[in-house]
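Working notes for the structure below.
Going by the order they are written in, the chains are A, B, C, D, E and F; count residues from 1 in each one.
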Amino acid sequence: MKRKVLYIEPVVSKIVDSLRAYLSQSKDIGTELEVISLAEGPRHLEYYSYGALVVPKILKIIKEAEKENFDAAIIGCFYDPGLRESREIAEKLVVTAPAETSMHIATTLGQRFSIIVGRTKWIPLMRENVIKYGFKDQLASFQSIDMGVLDLQIDSEETKRRIVQTAEKAIKKDGAEVIILGCTHQFGFYKKLQSILGVPVIDAALAAFNYAEFLVNLRNKHGWYFNKKNEYLSPTHEEIEDWKLSDLF
Amino acid sequence: MKRKVLYIEPVVSKIVDSLRAYLSQSKDIGTELEVISLAEGPRHLEYYSYGALVVPKILKIIKEAEKENFDAAIIGCFYDPGLRESREIAEKLVVTAPAETSMHIATTLGQRFSIIVGRTKWIPLMRENVIKYGFKDQLASFQSIDMGVLDLQIDSEETKRRIVQTAEKAIKKDGAEVIILGCTHQFGFYKKLQSILGVPVIDAALAAFNYAEFLVNLRNKHGWYFNKKNEYLSPTHEEIEDWKLSDLF
Amino acid sequence: MKRKVLYIEPVVSKIVDSLRAYLSQSKDIGTELEVISLAEGPRHLEYYSYGALVVPKILKIIKEAEKENFDAAIIGCFYDPGLRESREIAEKLVVTAPAETSMHIATTLGQRFSIIVGRTKWIPLMRENVIKYGFKDQLASFQSIDMGVLDLQIDSEETKRRIVQTAEKAIKKDGAEVIILGCTHQFGFYKKLQSILGVPVIDAALAAFNYAEFLVNLRNKHGWYFNKKNEYLSPTHEEIEDWKLSDLF
Amino acid sequence: MKRKVLYIEPVVSKIVDSLRAYLSQSKDIGTELEVISLAEGPRHLEYYSYGALVVPKILKIIKEAEKENFDAAIIGCFYDPGLRESREIAEKLVVTAPAETSMHIATTLGQRFSIIVGRTKWIPLMRENVIKYGFKDQLASFQSIDMGVLDLQIDSEETKRRIVQTAEKAIKKDGAEVIILGCTHQFGFYKKLQSILGVPVIDAALAAFNYAEFLVNLRNKHGWYFNKKNEYLSPTHEEIEDWKLSDLF
Amino acid sequence: MKRKVLYIEPVVSKIVDSLRAYLSQSKDIGTELEVISLAEGPRHLEYYSYGALVVPKILKIIKEAEKENFDAAIIGCFYDPGLRESREIAEKLVVTAPAETSMHIATTLGQRFSIIVGRTKWIPLMRENVIKYGFKDQLASFQSIDMGVLDLQIDSEETKRRIVQTAEKAIKKDGAEVIILGCTHQFGFYKKLQSILGVPVIDAALAAFNYAEFLVNLRNKHGWYFNKKNEYLSPTHEEIEDWKLSDLF
Amino acid sequence: MKRKVLYIEPVVSKIVDSLRAYLSQSKDIGTELEVISLAEGPRHLEYYSYGALVVPKILKIIKEAEKENFDAAIIGCFYDPGLRESREIAEKLVVTAPAETSMHIATTLGQRFSIIVGRTKWIPLMRENVIKYGFKDQLASFQSIDMGVLDLQIDSEETKRRIVQTAEKAIKKDGAEVIILGCTHQFGFYKKLQSILGVPVIDAALAAFNYAEFLVNLRNKHGWYFNKKNEYLSPTHEEIEDWKLSDLF
């Protein structure tokens, strides 16, 4: 069974190639992976407003991806920007995002999880997402390593050191059974961390990617797909035409 | 005390004039009101994706409003699109929106409220907002009148009839003590409804407008303003410059 | 627009004059403020039972205030004693109280708040109120400064020092975006604290006072008032007469 | 083991004798029961404000009961007026009330319960109590029989008929496993109802009475008594003396 | 990648062959499927106690499966009997069950789901599981078709008719965006139902089976596996030996 | 009134005699107490799986106890293994267990409780029970003394020292008003602890025992018993016969 999957780095990014290489190691048989980033816009989404700026661009990509017969698209930021919107305009394309998928996987592996964030600034929006997805009572804590997105891959030893330290606090003090790395740019660290900490450590980019493959399988086998009758009902083509919205997304 | 207030109809709209006239009747002494709508884009925001398309436009307006020394801006759609984002980029501008403010007022007037929606399609996003703002346990129910946004002001008698009918169900069956009209385009109906139903009926546009005036007062008198140190910390001007984001918002 | 507002210190109190002066600085145009305290009874309400003792006295005052054409009454204690009861017997008088209003304002300014209390003894009742008003998930924490009500204004430097210290814990450790001063006798401190802490600090007496003015405006403009049909339905005058309850309140 | 128990009808009441006879049938060996009502005040507590009026009278009785070496006092109204306050001033006296105890018993007998109320007006305060005691998620529903407190014992056949009808709705439609009669004046009906409905039907007056006996046993055997160190810490005698509060309660 | 998967019908069952055929249509490439049932015991698990009786038998099978190098085991009953216990004794075997997996999938496809049950008797235990897995706020409703487990496959037209009827109620009245068939013996119906209802309909047996394949992939690729350090820490072999527990499971 | 009560140590145990002596000091007049343990099986239930192994044995005992006209049975482990199942097969026998009863008593004595556990491994299952019984919001915290079940009675001074230390943390840091000893093998300590800590300390074995006596009284006096019509409906004797389940329990 073939699967065409698109991973969207929803920022201007220099790590597209390394991300592609990284994710490709985890492909299922039959998966073709493409990774793209934005041509212009912010380089990280640490702000609510940066997230909002890129959503129309994400929607454009989603529409394009659907035309090009992709089976799935992943929105590669732990804020899950544009996830609801993308599912709404999608017609048969599966759309996933890191936070939602990480939490589903984490709560299957243990009762409660902690999310390691870069800065405390990230927490309010992430907490809203935790609650939105229904995992409020499974959230053990947020723990911050006090680093911005763009710093995470600079001194990877220091990053790892801080994650270990905060994750241990989450495990001992907050009762976390699973650790989620709350930024897709913390990719590459989880295996080492897992062996140090002895508990599952979820890499959010991988979670979103493999969950996308899984949902494509479910769609193909069983027709399980987003509710398109009410919650994710698409806007009509007439309206989009009439109001000239196609320039906008 | 003077207050410059901007009401944003975040759609392409023909009712700007009637809205301005309507809201002006409720101004506090000292309030100057301006009402604007979008030059291009959707005419309603019944879809997640339409909401996302207009947020960058809202942010542009917010930034402009701040430069022009407005004291407050209201985002005039019951989905509260771009509320968090606007508060983040605002530096001293107060920003409010209909859903959040209606719920704060409603829960002060009675224990539980019901929201009258146009279509059931609106409910999932509105429920997420109810939960996000913390009012989950005060929500008695959603009740749908089965009409789209653009139909609401066509046959106002029919609209009123349906609202009365569903609101009575909300009161008797669901235990609502307060009714919220879940669309700013249901404006103008509340007084009549209130006298028929005998319970408070919140007009969401008025709620957002008067709450904005209230928050400006609190800001001016006490310096109470959004947390700008963490949750609503603004992006730096350097970053916006460097990444050429100013074209985007 | 004129507004007659009564602030009730629901204890025997020596600070009526300083409170009047303090609150008067924050009046809206058109507000006439009166501040009264009790002739006999407790000097603080740190106990459930003290609160219960003063509620009949508060109700008497509420009834009197209504007869004297006050527009609003504020029950000036952070336990909000008699709030429900007062709204029930009120016929057109707006009644507010510090805890309820502080939490509404706080959750508009940031995602989560902490309440600074005098003693841990206060927490159980205040937590019940937080839950009753629906703000359980927005409560970051209670933090105690270990001082009784009557000590708060004795050595104001020490009081301030302790509030700063505990508020900083609330911000850093508990993730509070807004600080609420959980006693009306902590009045006068908030501005200084706000500049030290860099986050909004809600003075509960001011919150209740200005929210009362706001609700009077909403009542006058829109007829928005407590649900008097069910939840706050008043007892009948016949019953009160027949059972000679008028001596009791 | 002897137990002196006082049942307080916290209203002016004509049913003291029938209540005493009724409750006496359920006494444990060793229990001495006294039933009293108020000399003046309201005849029912259907209003928040009526409840508040009688609390100081209840507190006076509680203090008196303690002096007369009662072991337990029951506050005989399903609103549980003055429960927290009474426990605070009590020093070794056990205090119980119908709503709290009924819910504890009900949730031991089945997963979810419904409360049969007289009027919908009662629901908001009772819901607050359900939440306060922590049983929000076990509440299947409130169902109203549309009768005032004073009507309940007039035509007992009609009362029974309506309770059966609403209880059946609660069982079938709302999934109630246990029925609670939400008024102590619905006493005497439960056994018949139980045999008709086939599910446990909790008489709130009996629940409070027998739970009081149980808590006295636990106090005597194990020293288990209300937390008097923090939550229910009593006011000091000095303060009560100094402020002449003893006249008040 | 090869995967050996064991589906356990945890009852005495005549449908093992048809289940195997049914599930096999949905296998991933590389999956080998075995289906077994119990040699003795109950034929359905509609009772708490029947569930408890079969758990030791399930645990025996789990241990055996691990020895035989299975990669995953599915416990084929919507009560998820023995799920926690199996994960605890498993060392590298993935264990899934229908309720948990169905809810994870359902909440990815739409905001709220309803569960179609056979009898109302099933609801209390299933609600406990919904809450245990954290999906309380996403549960729209339970709807009962009033049929026992063993009746479901007798007159399949009648079963389908009833499911359609109750599912439509769940969608229209309760706001369900996704339907979960709350019994693995409702297998085979979902596709037809899906086309009638127009919303995703989750077959719980397939959900558990495909989720098991997914988790095996995650385990193999990333080492993501149940927390074996604390929550699912296995008992020591010494203890099992010493206490002769191996006869028991 | 006579009451035959059976306390089941659901493990292989050497402390049956000391437990009997201990519990007997707290008997009500008329109670006959028997204490039994298992002939084979685990010696503690620190694992999910050990609990599952003993449930069928517990059910056998429950059935036997009912035949022998016991009035109540207590399942003596703080995990409450087999509680639901036992109530389902019971026909008139009252069944209680330590966790459920401790939490009911604790929440009557104070707002929030902490549970002192032996190891952090116990917490996930206990938290599930706290949530299942509805006491999530009254749980202040779990605190671990880092000792296994079988160590608790070895060096009782050390055990007590650790409990005091962690309980004080629970009181001061987590705001616990009541302490629950989360293991029936912590029996005997509570009185001393209570006098040191100054707050109620619940011995879980005693709680379950005395609550059982209480429920027998309620059953005898009022017919209040588990809902046997739906939630705890017993399996039919025919089915048990036909399927030869009587060997299993």
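The rule we apply is simple: a contact is a pair of C-beta atoms (placed from the backbone, for glycine too) under 8 Å apart; a residue touches a chain by one contact, two chains touch by 3 or more.
Nothing here was measured: the structure is a model prediction, and the numbers come from that model.
Enquirer: Work out which chains are contact partners of both subunit A and subunit D.
Expert: B, C, E, F
Enquirer: Compared with subunit E, which chain's mean CA position is the farthest off?
Expert: C
Enquirer: Based only on mean CA positions, could you tell me how far subunit C sits from subunit F in angstrom?
Expert: So the centroids are 44 Å from each other.
Enquirer: Using the average of all C-alpha atoms in each chain as its centre, how far is it in Å between subunit A and subunit B?
Expert: Result: the chain centres lie 29 Å from each other.
Enquirer: Enumerate the residues of subunit F that touch no fewer than two other chains.
Expert: 110-111, 120, 124, 128, 131, 136-137, 177, 230-232, in rising order.
Enquirer: Name the touching chain pairs, would you?
Expert: According to the stated criterion, the contacting chain pairs are A-B, A-C, A-E, A-F, B-C, B-D, B-E, C-D, C-F, D-E, D-F, E-F.
Enquirer: Please output the residues of subunit B touching subunit D within their complex, sorted ascending.
Expert: The touching residues are 110-112, 137, 175, 177.
Enquirer: Considering the complex alone, what residue numbers of subunit C touch subunit B?
Expert: 1, 25-26, 28-30, 96, 100-101, 104-105, 107-111, 133-138, 171, 177-178, 190-191, 194, 198-200, 202-203, 206, 210-211, 214-215, 217-218, 221-227, 229-232
Enquirer: Which residues of subunit F touch subunit A once you look at their complex with the stated criterion?
Expert: Residue positions touching the partner: 120, 123-124, 127-128, 131, 136, 142.
Enquirer: Going by the contact rule set out above, which residues of subunit D touch subunit C in the complex?
Expert: 12, 40-43, 46-53, 55-56, 59, 82, 84-86, 88-89, 120-121, 124-125, 128, 131-132, 230-235, 239, 243-245, 248-249
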